[in-house]
Amino acid sequence: MDFTQIVNAFPSLGDGLLLTLELTVLAVIGGVVIGTLLALARLSNSRVLSWLAGFYVNYFRSIPLLLVITWFYFVVPFMVGWVTGTNQPIGAFTSCLIAFMMFEAAYFCEIVRAGIQSISKGQVNAAYALGMTYGQAMRLVVLPLAFRKMTPLLLQQSIILFQDTSLVYAVGLMDFLNVARSQGDITGELHTFLLFAGLVYFVISFGASTLVKRLQKRLTV
Amino acid sequence: MISIQNVSKWYGDFQVLSDCSTEVQKGEVVVVCGPSGSGKSTLIKCVNGLEPFQAGTIVVDGTSVGSPKTDLPKLRSRVGMVFQHFELFPHLSITENLTLAQRKVLGRKDDEARRKGLALLDRVGLSAHAAKFPGQLSGGQQQRVAIARALAMDPIAMLFDEPTSALDPEMINEVLDVMVELAREGMTMMVVTHEMGFARKVANRVIFMDRGAIVEDADKDEFFGSPRSERAQAFLSKILSH
Amino acid sequence: MNYNWDWSVFFKSTGIGSEIYLDWFITGLGWTVALSLSSWVIALLLGTVLGVMRTLPGRFAARFATVYVELFRNVPLLVQLFVWYFLVPDWLPEKLELWFKQDLHPATSAFISVTVCLGLFTAARVCEQVRTGIQALPRGQAMAAYALGLRLPQVYRKVLLPQAFRIIIPPLTSEFLNVFKNSSVASLIGLMELLAQTKQTAEFTANLFEAFTLATVIYFVLNMALMLIMRGVEKRVRVPGLIALGGK
């Protein structure tokens, strides 16, 4: 194994890692926002809203992420074309980001929903008793409490998402894994590069989940 | 039959048993009592090696429990044990609960094990429930089945670990009746219990434990008549006052 | 909207023999099911062994299983697949390596790689479920089994595992469904399973909406069907009188 090749490839590997992290962070933010809205819809009194949100969640949870990534890669440019009336190509990064946000939103929704349901009815009633509206009670009391409780679960799901971003290989986006693979091909050191990539993913995921576990312990005490 | 010599046990720094010694002769019924946390359940679990101990020796029918050479499963198959929470296997029917160990441990044939199990089930008055599952029986009924399950192995001695303390009051007697009968038949028994009525009726000896140590080990009449230690006196007055 | 919907596309000839596009989807589904079931068998067997190891009193077995779980859980599935597909064959003894690379049909060698990869990947998850199930049982159950003279393998086989599995059917079901979804990574090393066939149809016909819609519907229906089957299994093994296990 020739580790000097890896050192030489540091700049491009760094770019790849940056893309991976960027995708992860943006997808987590988008996913949590959409997921929270979905959770509110699922728990709302409106039958229609609740059913639609439920269908959305079941739908995305029953198909592979890779299918969503591939489909969106083909389809999103079409959609954008219809909306804007032009035929502008949009990049793989944008289509992947949208795919991740929408897909992960289904998973985040379930976490947020469980979090909201774990808040006691007494808290909600206390908020109403103070004269708050539904929106205020949610925004000021229920959601802050729920988010504190479910932070560890949201972070765990984010770590899974971080690993899943490697699937953008399917549409040729140069994320960390794809850079490592192509550098491996170029230098003829595929073994070294793939094992190195695995090691980096392992260190980041393992480190992050160890931190999350520690956080979880602190929150439960 | 059961000889316990200088047994000590620690959980980390905490000593749960300190220098316990006693003997149970063949045919003898020995009741072990004491406040909760006194180590009595731990001691009885040491007798068939369910809890390891770090010092001392326990010999059951000539076999040393703590020795690494001892075939513990074989020893356990000869000593019956009844637990506080019954511990019937909830996924198996009553009949299967009664026959599992007979078949797998003693190698008895299916119908032989079945006959034996059903006979014992009849003895504890539950033959109508053979096809049911443990979750469908009351606590008292489950504990009677658990006794029958232990007896099905033809044990040389029986260990009871607080057999009635998880039961509703109205079910305690149905279990104690079975145990009294067993004692009268001459079964060697070591019983951890708070049921002093049972002790008065059938025990030969009473052992009082506190903070991991055997404080008093006396004949029944002596124990109830004039306990020597203050702690045993205090315990008895507390437990007998209601 | 200048898109021409044409659902009849699936019945059009692919231009290869008398094949129609629908045949591609059926072939793809066949690969997906074969991959998933064979991976699941590996995952269930290995995962159970590992899960049991994590609950054994011996330090070594428990530690080995823990390391396994952490390793396979913290490296992305695709990286693991690349390792199994590109790297591992090179490490085989020469004869085996040549056989794997040259004698086997490319689809077969890809199939083996994905099956092993997905099986071992999922085993780490199954392991955690099995461990949770066993640890949810009251400690007295194992004690009672030992007290009757049962030996360790009998205690697990007859007493602990049958109960643990009943508890963990719901999470195991979702792992089972995940295997089907995860098997789509096979498309990235050229195995023509359902997703790969979908992509190919989309590219050949330009009817990409129809192709992806059909794929989605197939996955969705498959998911629902498996869920119903597992619910049936759960009902069948339910023990009368048992409401909740692991109360104490």
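Per-chain numbering from 1; labels A, B and C assigned in written order.
Assume a residue touches a chain if its C-beta (ideal position, glycine included) is under 8 Å from a C-beta of that chain, and two chains touch if they have at least 3 such contacts.
None of these values were measured; they are calculated from a predicted model.
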item	value
Chain-level touch network, classified as line, ring, star, complete or other	line
Chain separated most widely from chain B, comparing mean CA positions	A
Centrality ranking, top chain (CA atoms only)	C
Chain A-chain B separation of Cα centroids, rounded to whole Å	56
Geometric centre distance via CA averages, chain C-chain A, whole Å	22
Mean-CA-position distance for chain C and chain B (Å)	46
Residues on chain C engaged by chain B in the complex (per definition of touch)	138, 140-141, 143-151, 154, 158-159, 162-163, 166, 239-243, 245, 248
Residues on chain A engaged by chain C in the complex (per definition of touch)	59, 62-67, 70-71, 74-75, 78, 82, 163-164, 166-167, 169-170, 177, 181, 190-191, 194-195, 197-198, 201-202, 205-206, 209
Touching residues on chain B, where the partner in the complex is chain C	45, 48, 50, 72-81, 83-85, 87-91, 100-101, 104-106, 132-137, 146, 149-150, 153
Chain A partner contacts - residues on chain C that touch it in the complex	1, 3, 70-71, 73-80, 82-83, 86-87, 90, 177, 180-185, 187-188, 195, 198-199, 202, 208-209, 212, 215-216, 219-220, 223-224
